[in-house]
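Here subunit A shows up in two complexes: once beside subunit B, once beside subunit C.
Entry: the complex of A and B
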């Protein structure tokens, strides 16, 4: 049985194709003008990688902000359930997932079957998300992917006192004007984002077996700071943490369409 | 959609309607209000039509924000914006209420706008309801009701008799009874009406004369009597919260795999559920009804009763979960939701707490939260 999952978020889109419980192909790309275009583009890439055609897919489920607009999807499931199931499939000891995406962050508590029991999601502002990091990296004039490694070299991390991303940006610019070292500012940025997510996570029971997913999981600075603040260690997943949402959608497609592996 | 439901939906979405225009043409005065604690019976007994002011049709708060700020409730900002655009010019008076500080402040703002910009109407009355249910509060409330009656009599040259009050209580009770009968039908496994439709009914019925409301509700009851909503695989949800006018918001909740079977909303079930006593002194009956029976968190010593009522509602309507609805910067509902979260844990019912700006954006995030909540409820069932 060949199933697929497609996750169209606010910044990136991912597609995963699974055959007999093994990942055949996975692709990540920046979003296009519409959710439909993003979905088709990323799925085309994944199908090409797997050497398959749309007609070869037995079932495809969608997730992410664009989940309702995906023409080849039979069902849409929230990204919260999909991140829970995807992380569980990657490692069945996982019970708590921190997902930091482009425009939101969530802390998800799952049961021994990978199903969501409780969750919390940011609703007040975008501080503590990928978009916030993107804005702050731009203010610092470094590439987004450099923020993590750069912050690891910090000796005297700055402290960002504002909780709002816009005010954080002004604060970062002030530190740049004062000629503080980029690595120290980068560390301050990552610490601030980590702190926002950690404060959110206090509302959900934090069961042992932690994983971090979503694009921001690739920022080593945010991840290491969160580990310190939470006093836990995130399990290294066997698959790219950025495709976990799409993977979860594919697993649901597999479970609900015959194969219960 | 049937004719009667379509008529009601249009009323709910209109700022001013033909019923109000007709009543005004017939010489009736229209009195605006914004809170479930304003006694409609007294206004009606003064031969006037109480009209619940809403933000319906408002698309911005530009003018409203010349008096309010972005950290005030979006409902009052929208309503005052409409006021400053003369969209309430058909009103003969406005009754303000100390429901919350944001709406209470509108009394000051409107008086200033009347003085500086000539913003009518001239009859602006501050009605005060106590926040506690002690005996002294009841006496205070009775005085307030009498004071309000005298103000109407004096300003509009009318005479509010005991008989008129009794007749008004009777017709408002009739409207409430029809609401209760509709709500009773929603306890069925396949309710005859959706939550979105019911919100429209509740909004419409406070924007027209009560006689027309009774007539429309009777037609509606007959129409939906044998109707059954498709409830296959749908969760049964109770919604509780402050003001809500956005029918589309309830529709979004229902389209995510649920049916809203009951609600206690400021603009919804709260005003329609309980009747006034038809025997005895009418002013005391009205006072007891509003002070003791309206389940609203503006009353500071009544949480246990509200919680018991909610528990009873969840049980009687076979609800799977509760959604709380709060407008941003609403202190009253902020406190209530905090307490309800603890009650949800104690009683073991799933609760999702939503916060929004009235007619605000962010539908995508809201939909994700609601859909994920429903998936979670199904997981733990």
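Entry: the complex of A and C
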């Protein structure tokens, strides 16, 4: 049986196609004007990659910020459940998932079946999200994907004391004015974001078996800082951590529509 | 005596050349990465406008977020003091100054002798700041100088749900994509910002007269919304509201370094 999952977030959209518990295709792209357009666009790409057509898909579930607006999906599931299930499917020893997306961050605790037990989420303030990193990278005039590698070379990371992304941007500018090294500022930025997420995670039970998902999991600086602050090691997932949400949606579609797992 | 004041703010650098209590010339420019050069250029522009050469300036005082970056200054003063001083000199009946700048909203109350009483500011988060308005206007492609014109055409202001400036930016883009009028969006953003200022304002139990300072005060739709919300009239001062900090610094320079705080 062939199932699909589609995750339309605030900054990127992802689609995953699964056949008999194997990933056939997965695509990530930046969002279009509306959630509907993004979903169709990314699903077209994934279908093309798999060499399939919409009619070949037995079931498709959607998730993410724009999940209600997706025409080809039969059901929408919260991104919390999908991230839990997706990470669990990728590695069934996972019990705690830290997801840092473009517009929110969440820490999810799951049980031995991959179902959500508890979670905490910040979607009110941009601090501790991908959007914050984006704003600060821009202030520093470096590409978002360079922040991680750059910060690894830091010797004397700066410290950012503000919590608000815009105030942090101002602080970053101050360090730029003082001609501090880019790598030290980059490290300061990553550390500040990691600190915000860690302080959020204190309110859920942190069971061993950690995974990090979402776009920010690709930033090695944030990830290594979080490992240090939490005193844990994140398990390396076998699939791209950015598609976990869409993957989770596809797994739910498979579980609820098929007879084989 | 001739003095100068330079206000290195979060978004703009301002300079004023002052003689006794009169403003001779002022200049303003965006901050940029090369801040030293910007400061030098703004200072020179203000000198040129005043027709004064640098060596005639007896004292230079800096203020604002980046006050320490100004070279050759006699001393620095906090921006709240400078803005309050400027407002009081321009209109001695002013008791409350609302300074709505790039990132900070500060409310300062002064007594009848112009002595600084207390101040209140948004210190945690940039919600409701000038940057909030700037980012939203940019996202829906309205030039900052035309914000008021657009907002006045709105019939049904859109209620912005995000408090975070960064999220408000994405929220307004989404609304544009759903086909909402940009006039309604910008009016909604202004309303949310004026609401923030009004809340701070109520907390200080402000006395009349009230003067507005800072970049947001140049947006007429903002000041009228603020007046409506707080049911107060604000006085209009004879110099551009954005320059009050630098002007105040120039006035402080006239007096020389104070032994202790106070206007």
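To be clear about the criterion, the second predicted complex is superposed on the first by the 257 of 261 C-alpha atoms of A that agree within 3 Å, B and C clash if a C-alpha of one lies under 4 Å from a C-alpha of the other, contacts with A are read in each partner's own complex, and residues count from 1 in each chain.
The rule we apply is simple: a residue touches a chain if its C-beta (ideal position, glycine included) is under 8 Å from a C-beta of that chain, and two chains touch if they have at least 3 such contacts.
Please read all numbers here as calculations on a predicted model, not as lab measurements.
Participant: Scan A:132 for contacts with subunit B and subunit C and give back first, second, both or neither.
Facilitator: Touch status of A:132: second partner only.
Participant: Identify the partner contact of A:173: answer first if only subunit B is touched, second if only subunit C is, both if each is, neither if none is.
Facilitator: The answer is second: A:173 touches subunit C but not subunit B.
Participant: Looking at the overlay, what does A:117 touch: subunit B (first), subunit C (second), both, or neither?
Facilitator: After superposition on chain A, A:117 lies in contact with subunit B alone.
Participant: Counting residues of subunit A touched by each partner, does subunit B or subunit C come out ahead?
Facilitator: The partner with more contacted residues on subunit A is C.
Participant: Which partner chains sit in contact with A:239 here, subunit B, subunit C, both or neither? Use first/second/both/neither.
Facilitator: Touch status of A:239: no partner.
Participant: Quick check on the output: what are the common subunit A residues between the subunit B footprint and the subunit C footprint?
Facilitator: On subunit A, the residues that contact subunit B in one structure and subunit C in the other are 103.
Participant: Across the complex, what residues on subunit A touch subunit B?
Facilitator: Answer in residue numbers: 65, 77-81, 103-104, 111, 115-119, 121, 123.
Participant: Considering only the defined contacts, which subunit A positions touch subunit C in the complex?
Facilitator: Residues 10, 33-34, 103, 124-126, 131-132, 135, 141, 163-167, 170, 173-174, 176-177.
Participant: Residues of subunit C touching subunit A in their complex?
Facilitator: Checking each residue of subunit C against subunit A gives 10, 31, 33, 35, 65-66, 69, 103, 124-126, 129, 131-132, 162-167, 170, 177-178.
Participant: So in the complex, the part of subunit B that touches subunit A is made up of which residues?
Facilitator: Residue positions touching the partner: 355, 364-365, 368-369, 371-372, 375-376, 379-380.
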